[in-house]
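Same chain, two partners: subunit A is paired with subunit B first, then with subunit C.
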Partner chain A sequence: MTNNLKVIVIGGGHNGLVCASYLAKAGLSVQILEARDSVGGACAPIIDNNGNKLAGLAHASYGLNMQILKDLDLPALPIQLSLDTISLSEDGSHITFANNSVSGRKISERDSKSYRGFIEEFKKYSEALDVLTTNIPPRLKDMDWHDKKTLIKIGWNLRFGLGKKLMREFLRVGGINIFDVLNEKFDDPAIKGAIAFDAVLGHKMGPRTPNTVLSYLQKISFGENNSLCRSDNLSTLLEEKAKSLGVKILTNSKIDRIIIEDGICKGVKLESAEIFKSDLVISNADAKTTFLKFVGTEYLDAMFSHRVDSIRQEGAVARINLCLKALPKDQNLEGDKLFQRLIIAPDMQYVEHAFNHSKYGEYSDHPILEMIINRVEDRGPSVNSITATISASFAPYDLKGGWGKNRNLFVNRVFETIEKYIPGFNNLVKSYELLTPCDIEEQYNCVGGHWHHGEMGIDQSFMMRPVHGSAQYKTPCKNLYLCGASAHPGGGITGLPGHNAAKQIIRAI
Partner chain B sequence: MENFDAIVIGAGHNGLTNAAFLAKAGLKVLVLEKNEYIGGATASLELHKNWKYSNCSYVCSLFRPEIYQSLDLGRHGLEVVPLQGSVTFKQDGDYLGSYHQSDLWRREVARHSKKDADAAVRFDADLMKWCRLIRGFLLRTPPDPASFRPRDALEFAFLLKKFYSLSESELYEFIRFFTMSIANYLEQYFESDVILAHFSGGSIIGTGLGVYSPGTAYVLLHHAMGDVDGNVGSWGFARGGMGSVAAALSSSFLSFGGTIRKSSEVKKITVSNQTATGVELVSGEIINANAIISNLDAKRTFLKIIDESDLPEDIVKRAKNFKIRGSSGKVNIALDGMPIFSALPDKSPLTLGHMHFSDTLERLERAYDDWKDDRWSSDPYVDMVIPTQYDPTMAPPGKHMMSVFVQYCPVSPEGGWDDKKKKAFGDTVINQIGDYSPNFKDLILHAEIRTPHEIEKEVGLTEGNIFQGELTLDQLMFNRPFPGYAQYRGPLKRMYMCSSSNHPGGGVMGAPGANAAREILRDFKRKNTTPEDFGDD
Partner chain C sequence: MTSSVFQKSPFQARLDALNIVQQWTSWNGYKSAQVFDTIASEYFAIRSTCSLMDLTPMEKFRITGPDSQRFLNRLVTRDLSNLAIDRVAYVIWCNDEGKVLDDGTVFRLGENDFRLCAQHHQLDWLSISRLGFNVNIEKETDDIAALAVQGPTSFSVLNKVGIEGLDKLKPFQICQQSISGIEIMISRTGFTGDLGYELWTSPENALDLWDLIYGQCENGNFDIRAIGLHALNMVRIEAGFIMPGEDFVTAETAVRADRSRSPFELGLSWLVDFEKPYFTGKKALQAEALRPANRRLVKLSVEGNKPPADAFLYDKENGKRIGTVKSCVWSPILKANLTLSDIEFENGSCPEKIWAEIYYQKELEWKSSWSQCHVSHKPFWKNARASLTPPMKF
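Showing the complex of A and B:
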């Protein structure tokens, strides 16, 4: 082992930055090659056509995993960036989720008590699974010592951390849909709709789709204190940290190929034909891009390529960047409330109907939405417009008839929907910009434009993420590793895939 | 008054299987049935003069051969006629025929897609692997993951050993198979719409899930378990209709000295000191026994025939949350002659098996979307068979009986069921068949339309769910019916459960009945009479 190993990280998304920082900290010489003109990936701020600086694709997140913040000596996101979630209602009786509680005009005592119990229960599940998310997923056969340790820890946590009763309950609900679980716990349709919204946003799933308990759990597990934050300057923080640890960053460097000789990864070739030789290559790109585009199937086993090709990875969320003429005036959204995370998902049937369309390659008639209006003080000195960002689902990647002329139709559906909940909204829109999953694919170099680099169903999670044969951050090619959201534990702004990958790489060398 | 060792509530096929194994071990067993006929959902009834309808279950696909042998059902008159092939009709007038002969099947697939013909070989081999693995679990009692008893630990060790007979890659593939949707699973193999739809249909039968719902892939096994490994006897029609299954079971049971009382509806299980002591009939009669075994589904057992005050609070809550969702209906039709299908050549053997009319995944999934909103599917998935082609005992000479299973049909459409809606539902199905068969509508002599409402009322299946509880991960194996109660013992002492609400679930399989008998005999310290292992593994 030498400490002077040369490492190339393909892609400077937040996972690439985290992984690079860990490796640099361990004494390796790390070079990040980023295709875009800035690092940060989905966290990097977006500059719209009018020159306004907007939050990145991931405009709200639960923040990086605590362990990573500690290890890399990063500050936790300041509390003033934390966001409540307000689920809008047509009749103005919105409900607010904040600090593990729910409140609103029509919320019954029973439901608000159930909600606290529900969050507590799910927190416990996610704590029990923490060993799994912060570690390399164990193999199920030919286990090494680490795999066994992880498995035993998981078993111990489930049986003794949760206790007999909760463990049984976890084994019951773990594999099913959020629809049934919420129906058992709550009466109020708005609470159920809002929780179901969180379980499905970013995925191509509806509340009734089994696996949505898991996807919700994965979201919850991201939040140490279950509070969403705006992730405005996360990418800058990570970039500075990486640089201070000695990581070299080169932007505008699109990868053409990963160089494989005799099954061993030797470096990368850029589209500019420039060649970077290195001892290790770590890809923060999604598995399909990495294997099918950069490596090429000629260097891979046929069954392996087939599995990678079969990964379900069609994005279903569109992003809309807005410029508003003025702030909306709504008596039910006074003061600070307007700047929280506003969602439209009034009940589970609404969400399910929105999802139905996506199965057939149609966009939702009545989409589910998440909107964040930027605070005045966040606009920056040079900009004088009021801006907002919207995540709108479902807007399938493989839209029937293509996105071309459907772009405006879809945006109109979105605005009409908001108008119903915030009257007068339509007239406030000065200009907008739509990013469909196809645009996201192109701009962020991620096949399918999927938020999480692949659906997070059970069959694409844990030791099967992205596919078995490459689930422990290793790949069939020697010295090539994965560190992006395609790898366990998947998407979200956690930094965990990067952290776990670094752990694996350091262990391997 | 006579004294019984055990009382089985409900003479469905699981109740009878259970009772027969207990009687075989020398217990004195009484079976109580509310209807004037036995069999529950495995019944043959004359609803139209001279026609025998298998009006609920219609194919004898999963009945365990081990049970058939150990209860000697052949000698008691059960004859299963193997079923041949199946066909999916396409909207464009073509069809996909599935033949038993592998050469014919391959050529037929190749006609639709050359690539899929190659994939079919890989697919069959993979499916067969999962079959072999899963079959070993059916006739075993699921272990409790939260327990430390040596028995559970040993059972887990046994299961793990089975799993570890797979290679690492197969292991992951198996987990994926268990958690994927049938559509996504098949899309890894096939490209042709009609082939995808042909295989997918079977995975949604009786469930409240769609072809794109994760967790539907493994249901495919229920279909493959009979016919992939050449075990043809286990996939077919019972001669004389499904009632023959019940008749043979009851004949076997009676030969061991058992007693069956029909028209004896149980009002409640009597309990004292948290111990089940007997049953009280609707007539007021009280019968005591040392073991009370319920063959009713979990909801009926705990919410209808046991007083809430006799049960732990937790159980009542669990029973209320137990998911039993009616999603299917049935149309049984008496035909004046054999219908002609325009797509098929004359005398094609393909009418001998299952017939389907859904040729794309989208049509299947849209049928599910209708049901989610409490409507019956406007373009339903049907599983249609004409058993009289094999079994002339079911209709007069030259005439035919057709059984059409319909997916999806809601428990209660908006405003509830009435005669008008019921007829409209039936017409939807009949019109769909009529689109593919020009003379079909003229041949109809009588049609019986069954919605979940009728199935619940007559057979006693809550919400008309044919599996007595959804087959989703929260209700399978050690979770079925409730976590901690998956070993056939109820929350009361001396009370047991043997219905399809227990592992391994629904279908005319007999396995829950046999497994429950094993546990009861263990508690009674009697010799085990139930089969446990497969000869071929």
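Showing the complex of A and C:
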């Protein structure tokens, strides 16, 4: 490895920060250039119009992968921040998912037992796939020994980790949809709705869409000490870590172009026309932005450009920031329950119908929702503010007729929906802000405003992520790499794309 | 085949009238003659007098807009940044893997106005390639009547018709003319390797243009013949021009991965310019250029007088099989069997000895014999008259 290489990381999202930290730790001289006024990307805290500090877009996550916490000597998210998931029911018989078990007034013994079995089973699948997510996805052509090793490990995990019977089952469910799998396992519609919710939120998929078993596995972390948490301070933690390792960070520095000379990446040009030369450039921006905007098709092969252009990357999740006059008073959400992750996805049919609208460029009549109400003491300089954040789907990027006059209509849909589950909620709303996928595209510099920087369809996953011709974090341009959610294993707050990219880069130089 | 399924060329009335043997085929959907009379008479019209051929079926695309030149330069392997207005360049283009999709010619008609002519349908690929470029691409195959006037007396024929200025028109140059009220564009281009021109006009002028030129035959001034694809195929092999779809499978249509061919493998490295700005396939071709050549399409003449059609090629008699003949012709003018043949190279170079095993029939009895072959590094046939400016008068 050549020491003292100059590296530029475009974008200080959590993946950019993780990648930069690994590279700095390996002795490279790393400069992050971030367009926004702070780093963290979609997990950077949001300051609303009233000056309240809210969670970033990614308001709930399992936190960074354990290996990364260990390598970078980062603390796990404190237990106070952990969240149970409460799936709301119109009649108030909400169900709670916590510690790998499900409970609720109407939950049968059979279903609660099935749920434990389901978690056990999916945990094993997840462990079998772990090799794939925490590693550079193997090439299938021109393999080197790293690729072979990874493939062998995956094969080994599937066959011997899972055992013959479970492997056969995995191969079966992996190809079907979460709708069929859940119908085989549970009776209670609410359990099925809540699990299906996790399989589809962030995707343009419904429970009946093939691939939703894999998207569920990608989303959920089944580890023991690995519960869902508010991801409040993650960006600050990562920023401090990066800086302490010597990473230089410049915010308000929006990249306009990547400089390519004779097929080799030489640095970047900012929108301000300022030029930064470097030996390597690593892009945390999505693949479309990186290739079609920064590099330009003039420097790329035609079919490759076409493939990038064809990536399905239209976001479907909107964010609503709320300011409340008072906390909701609900006998079914007493005490700490109010501050958990509240979801509205009462059954799979509901979720499927919500998705159906998005296929035709409409927002859902009855959206699926994820809301986190903040404890006053947890955040915000103005003590009086009670705030909440909502991820609402489906709110398609390519909405028929555009978002303009539809903004209020959609928000009304969301509020009407919540009102049914938490009566009196509407009257508590003091003010709100809506971020549609179009707003997210603009404010977070990500084409389509997509949760994962690109759909997680099987054709856009693994060694095909983001596209054939740019897997393994490499690109057609020498010395240009990808490290964001566009790359394997995709989006969510995991740090894995950044980690794997760093591994690939260190291997390559 | 009934002729009704074919698209009719604007020259069709004249073509139909002249076609004695009624041998038609489809060329990009057009009713196109393979032969009008006899192949020999058509061949000798090209090489000794003057031939007329309907080029309308050739795919033509008009490319305009502020990025048209950059777009084309990213498309083709050759550097077009210095292609002047009123000039034509022979080009090939490749897919990402550096395998040839088609060949053709680019006409620069104005600052941001180009015509691309291609053997095969290319609109899909052009549309894919336009991403990020501000260009308009229109297929104009049916909107333009094109006529090839080729052969040693072609200059004199056109001169006689009243077209002026051809004495100054250099190979690959374009000029605009108006004769008898017909606006035509003339390019000194062709697929015969001989002196010749291609005439471009709007379809409603097609028959008038034909009559003007063919009239010189009818009034006894010159021998002019309509020619079909068979005669053209003979002369293009003599001239060493390749035919996508005949000499190699185009990358778009190849099913088996090892069937498509790179420019290097087709012996067209002179068309690949690594100094120019990026073009599709450059990266793959740069990598290929570092590896020893594994095969080439070579110009191969085969001794003897037995037609080596579809023959296998060997490194010695009964030796190791090293290739096949792709297209071949008995050249009347050179009195030789000429072929374009796909040869496997060993350690990056062409085998020194190449033998063809030829199967032939004698009164319905099959026999085989061995002939030695010779690689030609230049076109088999070349004549100074083709590029002389001003051309010779007859």
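Odds and ends about this structure:
Convention: the second predicted complex is superposed on the first by the 498 of 509 C-alpha atoms of A that agree within 3 Å, B and C clash if a C-alpha of one lies under 4 Å from a C-alpha of the other, contacts with A are read in each partner's own complex, and residues count from 1 in each chain.
Basically, a contact is a pair of C-beta atoms (placed from the backbone, for glycine too) under 8 Å apart; a residue touches a chain by one contact, two chains touch by 3 or more.
Computed from a prediction, not measured in an experiment: that's the story for all the values here.
Contact with subunit C, but none with subunit B, is seen for A:297 once the two complexes are overlaid on the shared chain.
Judged by the touch definition given at the top, the superposed model places A:273 against neither subunit B nor subunit C. In the superposed pair of complexes, A:476 makes contact with subunit C only, with no contact to subunit B.
After overlaying the two complexes on the shared chain, residue contacts for A:263 are found with subunit C alone; subunit B is out of touch. By the touch criterion defined above, A:209 reaches subunit B but does not reach subunit C.
Of the two partners subunit B and subunit C, more subunit A residues are in touch with B.
Touching of subunit A by both subunit B and subunit C, each in its own complex, is seen for residues 306, 469. Partner subunit A is touched in their complex by these residues of subunit C: 70, 74-75, 95-96, 125, 128-129, 131-133, 277-278, 280-284, 286. Only residues 145-146, 164, 167-169, 171-173, 175-176, 179-180, 184, 187-188, 209, 212-215, 321, 323, 362, 365-366, 369, 372-373, 472-474, 478-479, 483-484 of subunit B touch subunit A when the two sit together in their complex. Chain contact summary for the complex, subunit A toward subunit B: residues 139-142, 159, 164, 167-169, 171-176, 180, 184, 208-211, 306, 310, 312, 349, 352, 356, 359-360, 457-459, 463-464, 468-469. Interface of subunit A with subunit C (complex): residues 260, 263, 292, 296-306, 309, 469, 476.
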